[in-house]
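Listed below are the structures to be examined.
Same chain, two partners: subunit A is paired with subunit B first, then with subunit C.
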Partner chain A sequence: MSAAPVLRVSNLTKRFHGVTALDQVYLDVHAGEIVALIGPSGCGKSTLLRCLTWLEQPDDGFIEVAGKPLGRELMPGGVVRRQSRRQIDALRPQVGIVFQQFQLWPHMTALENVVRPQIVVLGRPRAEATRRGTELLTRLGLADRIDRHPHALSGGQKQRVAIARALAMDPALMLFDEPTSALDPELVGEVLAVLRSLAGIGMTMLVVTHEIGFAASLADRIAFMDHGRILEEGPARDIMAAPKEPRLKSFLDLVRTDRRIARTTANPTE
Partner chain B sequence: MGFKLDFLLSILPRLIGAAAVNIRLAAIIMLLALALGTALTIVRAQKIALVNAFIAVIISFVRGTPLLIQIFIAYYVLPAIGLDLSPEVAGISAIAFNSMVFVSESMRGGLATIDTGQIEASTALGLPPHAIWLKVVLPQLFRRIVPVLINEATIVVKGTALLSVITVVDVLRTAQQIASSSYRPFETMVGSALVFLVINLVISLSGRLAESRFAAARV
Partner chain C sequence: MHFDPAVLVDYWPLLLQGAWLTLQVAAMALVIGYVAGIAVALIALMPGWLPRLVTGCYVEILRNIPFIIILFVVYYGLPFWGIRLPATLVGTVALALFASAYYAEIVRAAILALPRGQFESARAIGMSPMSAMWHVVAPQILRTLVPPSTNMTLTMMKESSVLSSITVPELTYQSLVVQGNTFAPFEVFAAVASIYWLIAALIAEVSRRLERRVGAVQAEATSRNRIADRYLSLVARRS
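Then we have the complex of A and B:
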């Protein structure tokens, strides 16, 4: 049983008005694994994450979370059955997602942001939800910020509240959409530390990023996506050191050159 | 015939007494308008083409015709189709229906300013649609449209004066009765205007108080 992946994506296809955004995507993420999804912008990374939370409905293919089909299931006899909103909502807490812009609720305090969904979705008593929320926020270093509203938090703090909000639902899998892009560059190390601490408690994660260095230092495996397809995937070290796919090679070259340029522009003396 | 302050003062207690009618009606109308306007907004947000087309026709009727005519329709025309309403009920219905449309229109405007990302985040957490409305969208929406609602409340209060023409004994009708028995329209009209002014000043001030509170919470 331990071999069953936490996330199994098979043949996932999504078209927008005839344009193929996801083209037969296959991806397995196993328990405790951190997979980074990299690729040029517009390659379908974010669309994949949106499909995994059923915010976007794929046209074809299947998603399985912790062994259970999400959104659409194959019935005996080869009949595909669409799940109701209620069924999908029941599975959604299993997949935690942290958005690029965090999307906290501005009219609630940090703690309330974490507590409310536990009460509404999981039906937890308020006392228990508050205990869990306080515990998570404290663990993420926000003990002195729990009564603040999102507008009074920094970007990094907002992100951690968003992480706590998703973790409080006890997800089997956490998705991160560009966790470094809305933050100042010097905070990248901080995000890395937070995600590593989640890995330390055995959380399974799929991280979409275009920061190659970030992906390389965080992920166990890297999947490279282009034109809606996963072209190459493998252990992070192999992908970085010896990419096979020509498009991945040129993507890595391009990103590395960009970073050199950025560094030399920032420090002309270097 | 000059202005006599002591006559004005002598009729004020009667006018203030009648103001209870206007305040009661306005309160009922505002509550109805808020509830119906919210419901209408939620229905419109479902984006069902046929339903929204029908609602658009109703909205253009309400916006494009005078409130007084709408009140007359509720009182004089509805009985023809079997809805025989008392003056107060007819008046409440007409103004609440009118106000519902304006509440819904301003809510629709406010809705556009709420980041869809928040709604997606709520959906991804597994919140069912009704919970997203109740816990996420509406609390923010109401705070944002407080200034518009306050404005609407003052319009409703003034609108209740129109009900005097369908025999509701409110401030204006009381004033008219005093004027026709005392032949002193000047003081009575000034008196009734003052009563409305005071009610609306109280509403505006409490609105500003609420606004500054929400501004302090910055939501």
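Then we have the complex of A and C:
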């Protein structure tokens, strides 16, 4: 692809008290692409997402969103300049994130959750923000839920409100942190459908998950991460069929065996 | 010697004047102290060690010194810098200073008790720290703030009696005057005790109403779940 990637991560490094959580991570996500980031827990997947939203400040490396540097930029002459808080905040709406626990604001209705940030951050008039919010929630199948508070919504509905909240900011990129983990297993299909519909409108997505099956059926590309490094990445089919990296192989074996055990214990006659 | 409240008849206006001033001083100290307390709490939560150190010193110093000493330090300290202000003003400011340390801790604890993800989700979407506090954090902690703040306000109001020692003509000061004129200390202080009790009851009532109002908004947001909703809708249909 010749166009500049929507997300370009280069040499990203993050240490917590001497422990390296991210170790020189390089990752490009192109427009309209869905990339799944897989790996065992504690491998740095969530830390990467937190760095991409600047909730965590990486110690080294660069992030570029839609061609603009985020957080830190390289000035002519090789000088690295830290951006001001305002500069970073101005770029943040470009990166939509759906948290594992959704983090809806419980004192606002579903609609207000989607409307308020548009008004506060983008300065949209309330009427326009409401129109946009209603439209998004309707498209996500929540037309009859817009006046409910988050506590009166199911997990799947909360997730869709969180997606609408992020989409309303017209992001260049959407990040998902373990979108299946806070939901009942039977809802995985529903999440898949929602994310596919986003892909249908050309949204660029980076999805962190440890559900291999989910990653395989959703993503165009899969990146495998372990010990803070991206060890292997490539088209989803290739990664699943012929993993090269030994650690990815053993990870896939482990997860697949787990699944087989789970299935046989749930269904002993099989 | 017998209990004779009749001696107070001529002096009621003085006691009422004192009660009115006590109420005014407490109200001013509440407003100034709370604004300062919120500011101190927000600074304490800023990243880095310096803000935490500075606000920590502020809170510790004010909490570990008896109020009467804080009052004397401020009242007798200001003239050292050539500042001469009316005793009532100095007393109110000292009282606000004293209360602000406690209010700051109440606000800080309430903010910290809220899951961090709430603030982070607001920041990640692009809100400034102040916007995130205003739109997302503040509305959710209002109700938890009311009971401890009421406690502190009651303490602070009662502590305002100490201002009598720098000649602020509030309730306690006036009671000393009346007592000097009537030589009936028991009657005077019994009456003053009742007035303090009334003021405290007034503050508690205001707080109860406030809690109910803030609570009503929040109850809708937090306590109802789907089962409760369904139950309530069934009950509503029946009746």
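Points to keep in mind about this one:
One rule holds for everything that comes next: the second predicted complex is superposed on the first by the 268 of 270 C-alpha atoms of A that agree within 3 Å, B and C clash if a C-alpha of one lies under 4 Å from a C-alpha of the other, contacts with A are read in each partner's own complex, and residues count from 1 in each chain.
Note that in this section a contact is a pair of C-beta atoms (placed from the backbone, for glycine too) under 8 Å apart; a residue touches a chain by one contact, two chains touch by 3 or more.
Predicted model only: the values in this text are computed from it and were never measured.
When both complexes are superposed on subunit A, subunit B and subunit C end up clashing with one another. In the superposed model, A:S154 lies in contact with subunit C only, and not with subunit B.
In the superposition on chain A, contact is made by A:D89 with both subunit B and subunit C. When the two complexes are overlaid on their common chain A, residue A:V120 makes contact with subunit B and with subunit C alike. Of the two partner chains, subunit B and subunit C are each touched by A:R165.
Of the two partner chains placed around the shared chain by superposition, neither subunit B nor subunit C is touched by A:V6.
When both complexes are overlaid on chain A, the residue A:L248 reaches neither subunit B nor subunit C. By the touch criterion stated above, A:F99 is placed in contact with subunit B and with subunit C alike. On subunit A, the surface touched by subunit B in one complex and the surface touched by subunit C in the other have residues 53, 55, 85-86, 89-90, 92-93, 95, 97, 99, 101, 103-107, 116-117, 120-121, 149, 151, 165-166, 169 in common. By the touch criterion given at the top, residues 53, 55, 85-86, 89-93, 95, 97, 99, 101, 103-107, 116-117, 120-121, 149, 151, 162, 165-166, 169 of subunit A touch subunit B in their complex. Across the interface of their complex, subunit A is touched by residues 115, 117-118, 120-129, 131, 135-136, 139-140, 143, 217-219 of subunit B. Touching subunit C in their complex are the following residues of subunit A: 53-55, 85-86, 89-90, 92-93, 95-97, 99, 101, 103-108, 116-117, 120-122, 149-152, 154, 165-166, 169. Chain contact summary for the complex, subunit C toward subunit A: residues 115, 117-118, 120-129, 131, 135-136, 139-140, 217-218, 220-226, 229.
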